[in-house]
Amino acid sequence: MRVGLTAVSAAILVLLAYFFVKLTIEAKPVFERFGVFGFVFDNNWDVSKGIYGALPLVVGTLVTAALALLIGVPVAVSVALFLTELCPRRLRGSLTVVVDLLAAVPSVVYGLWAFFFLIPKLKPAEQWFADAFHFIPFVATGNVAGPNYFIAGLILAIMILPIVSAISREVLSTVPPDQKEAALALGATRWEMIRMSMLPYARRGIVGGSMLGLGRAIGETIAVTIVIGDNPILGHSIFDQGYTLAAVIANEFNEAASDPIHRAALIGAGLVLFVLTLLVNSIARLMVLRSERQGAQPTVAAAGEGL
Amino acid sequence: MNPDKIDTSREAAGAEAPQGGTAPATAGSPGGEQPASPPAPAKRQVELRGLSAYYGDHQAVKHVGLYFAATDVTAIIGPSGCGKSTMVRCVNRMHEEIPGARAEGEVLLDGGDLYGPDVDVVAVRRAVGMVFQKPNPFPTMSIFDNVASGLRFTGTARGEVDDRVRKALSEAGLWEEVKDRLGKPGLGLSGGQQQRLCIARALAVDPEVLLMDEPCSALDPVATLRIEELIGELKQRVTIVIVTHNMQQAARVADTTAFMLGGELVEVAPTDKVFTNPDDERTEQYVTGKFG
Amino acid sequence: MESASLPSPLPPVSARRRRADRLARSLLWTATGVAIVPLVLIVFYILSKGLGALSLEFFTTDPTGNFFGDQGGVKSAILGTIEIVGFAALVAVPLGVAVALYLTEYGGNGRLARSVRFFVDVMTGVPSIVFGLFIYLTLVLGGFGGSSFAGWKGSAALALLMLPIVTRSAEVVLQLVPNSLREAALALGAPRWKVTARVVLPSAASGIVTGSLLAIARAAGETAPLLFTATIVKATTFDLNEPMNSLPAQIFQDLKQPNDELVQRAWGAAVTLVAMILIVTLIAKLIQRRSRVQGAP
């Protein structure tokens, strides 16, 4: 049995390596044509002309992910703090389940709901915001587009909420009670106690959890492609239409089947996406690991899966 | 209230609290009350009246009446589970932090009831400090920041913070040892030093009372002795209540000793009397080691 | 002597601190409310829009591909999802448990084990569309197995997605099995593999089942990996070697159509899919809670 299990496990590593190599090989044509930097940093994705500069996609991916973090992480950490410190005991179980259930909704349903409900409902508010705050960079725009970066970022924020909240909750619940007692005994209010003994202790784990959320936001495809407008032109404001690496692959794949350069470009986009998420997730895991060594339980990492 | 020179002599009672806090011993009065009426409310004097504490339906402290005189050290002794820690935690209202826990009765500090309707729990804890069984300095903070932590809440000016940290560390007998490494993490100190750090942290906010819940039980004998010396030095400055399971420690350190059993106050008297000639038979059995 | 009437000797608590504390508390309450609102809205919305589409015909006929007239139901999508996800589970669960067993029982902290553990963890972060891409490149392009798009290739992509989830949850549960149990069995002279199979696995069984069910729930909701592996077709098929429909793919295709009835069908399919996933998730949580109550890991 030992040999069999070892072989299977080693095979996983081999498989991952193989996939990476295969992706690179298949993407080569586009890198040969445009160069690696050209592909990633040129601002021109024009399928009709056969030009593939992925900057609008890269920027779109990063902007929507950043919006998701900006909106999602504070809410997720607040929810985690609430559930650990403020929530009345009898409500705690059911509220936790409800927050975690957000993770059970499939991404296509999120996209569906955002498209038919969020977009029309939020458009007036977005227009008002764009008009009122047009002096803030990246906000000003003439007419707010229906599908846009902002809506994509918002739906991503909702989608990463359960995972960031679950990990934050785990980390916060492992703050040693004597730390909290020490702060309270000094005459701290509840909020002061949270700031003094809980947040610094849990900071690393929370950041790790947020990065896992970031990884998820970067890779999310279907919900984003439904609400971002799928416009390969780099927008000027968060209320413009845009595109992301993942969305472009999903959308253009069928038409690219017959065009080798187009297909290679999409695979190149997939490669960039792969590398990005690998990076973010490796860092995230390391941070969560370090917060585990601080004394948290090994279930912290598994908390992200809703276990 | 804070004399610069700390008088270690037990006799010098200073201008405060007139009585030495000696109450006549009692022979098992029902519900455990200290019978003689305590002196008139004075600075730093704590009085418990009919204090009961519950964990849910379970009553851990049964109607205790007790007072802690200002310049005395009062020790609370008793077997495990007798309610001594619980009772002490009611004085700084930490008991109610436990879900389902509550307290009834009165705790008077200088005559004012800490459980009164308009009293802010946060203010209570600033006036009544606590040192815990296991030293618990904040791990993410330096030595200086640890001691200053209580001062940060009230936005104390930088210069004043420095002064008070220095004073607190001196009073805790730690200044000389750490004055050159105030920026180093608090966890880098030895166990005994960490506990003195926690004492300094508690002293920095200028409490009137200091509660110590078995402060030496996690420490080696040398560190323990050091802290016992400290207690003797500090008692002029703060009213000290120390919970201990170590009877020799109570004999060394305390002026008054209270013996608790099963949530009740059995006997309270000057330490000498409790250990040599107690009135209650249960007290005698405990201090001679027949149980507990 | 009076007690309550004397002025309080306590230092005053500044109003600023009290305000800050109150503000922080209300923010935390609000944030929690905000977090729950989307779920409530979504459930409400898909129910109100989707329930109307459900009918016997909805569940028993295949999509016809007609734009006008009879568009048909989503039978092939429902069956397709069950087949594709089921097959994926058949592959991913045993493999995932095998890797977990290796990590806890045999690998310990050796270099191979540490690398595997790290990369399995990292795998959980790989976007599902990248897995679809992998399978497309390796299996679809080459026409492996005599077909281009096929249901089983979709399963392969989903299995890649499920594997790290199963492995990690299994690992956590296996680690919780007390070592004393293993040692007792070994001391009785049982060979290692028997100890694993007869003592450790049964003890961790409910946890493993929970993790697998959660992985299944996750996989059932995925669209992207299926787009270019199993793709979207109309007819029901039980041949995994053929292109196969699935609920997420069907929803994706229908929702952007400028035809209200097709959109309504998408809502109905969404209700169906969410219901299926919720049922699986709730069963998993129930098993988890029950095993906790019984004191098992």
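Here are a few things to note about the model shown:
Letters A, B and C mark the chains as written, and numbering starts fresh at 1 in each.
The rule is short, and it goes like this: contacts are C-beta pairs under 8 Å (C-beta built on N, C-alpha and C of every residue); 3 or more make two chains touch, one makes a residue touch a chain.
Quick caveat, the model's predicted, so the values are computed rather than measured.
The chains that touch subunit A as well as subunit B are C. Interface comparison, B-C versus A-C: the higher number of contacting C-beta pairs is recorded for A-C.
One inter-chain figure worth recording: subunit B and subunit C are separated by 54 Å, centre to centre, where each centre is the mean of the chain's CA atoms. The centroid of the Cα atoms in subunit A and the matching centroid in subunit C are 17 Å apart.
Shared interface positions of subunit A, i.e. residues touching 2 or more other chains, are given as 189, 192. Residue positions 13, 17-18 of subunit C each touch two or more of the other chains.
For subunit B, residues that reach two or more other chains under the stated contact definition are 122-124, 126, 153. Those residues of subunit A lying in contact with subunit C across their complex are 1-2, 4-6, 8-10, 12-13, 16, 18-19, 22-23, 26, 74-76, 78-79, 81-83, 85-87, 95, 97-99, 101-102, 104-113, 115-117, 158, 161, 165, 189-192, 194, 212, 215-216, 218-222, 226, 246, 249-250, 253-254, 267, 270, 273-274, 277-278, 280-282, 284-285, 298-299, 301-302, 304-307.
Note for the complex: subunit A touches subunit B at residues 89, 176, 178-179, 181-189, 192, 196-197, 200-201.
By the touch criterion given at the top, residues 92, 94, 97, 99, 122-126, 129-130, 132, 134, 136-141, 149-150, 152-153, 198, 201-202, 205 of subunit B touch subunit A in their complex. Per the touch definition, subunit C reaches subunit B in the complex via residues 1-4, 6-14, 17-18.
The residues of subunit B lying in touch with subunit C in their complex are 40-41, 43, 49, 106, 108-114, 116, 118-120, 122-124, 126-127, 153-154, 208.
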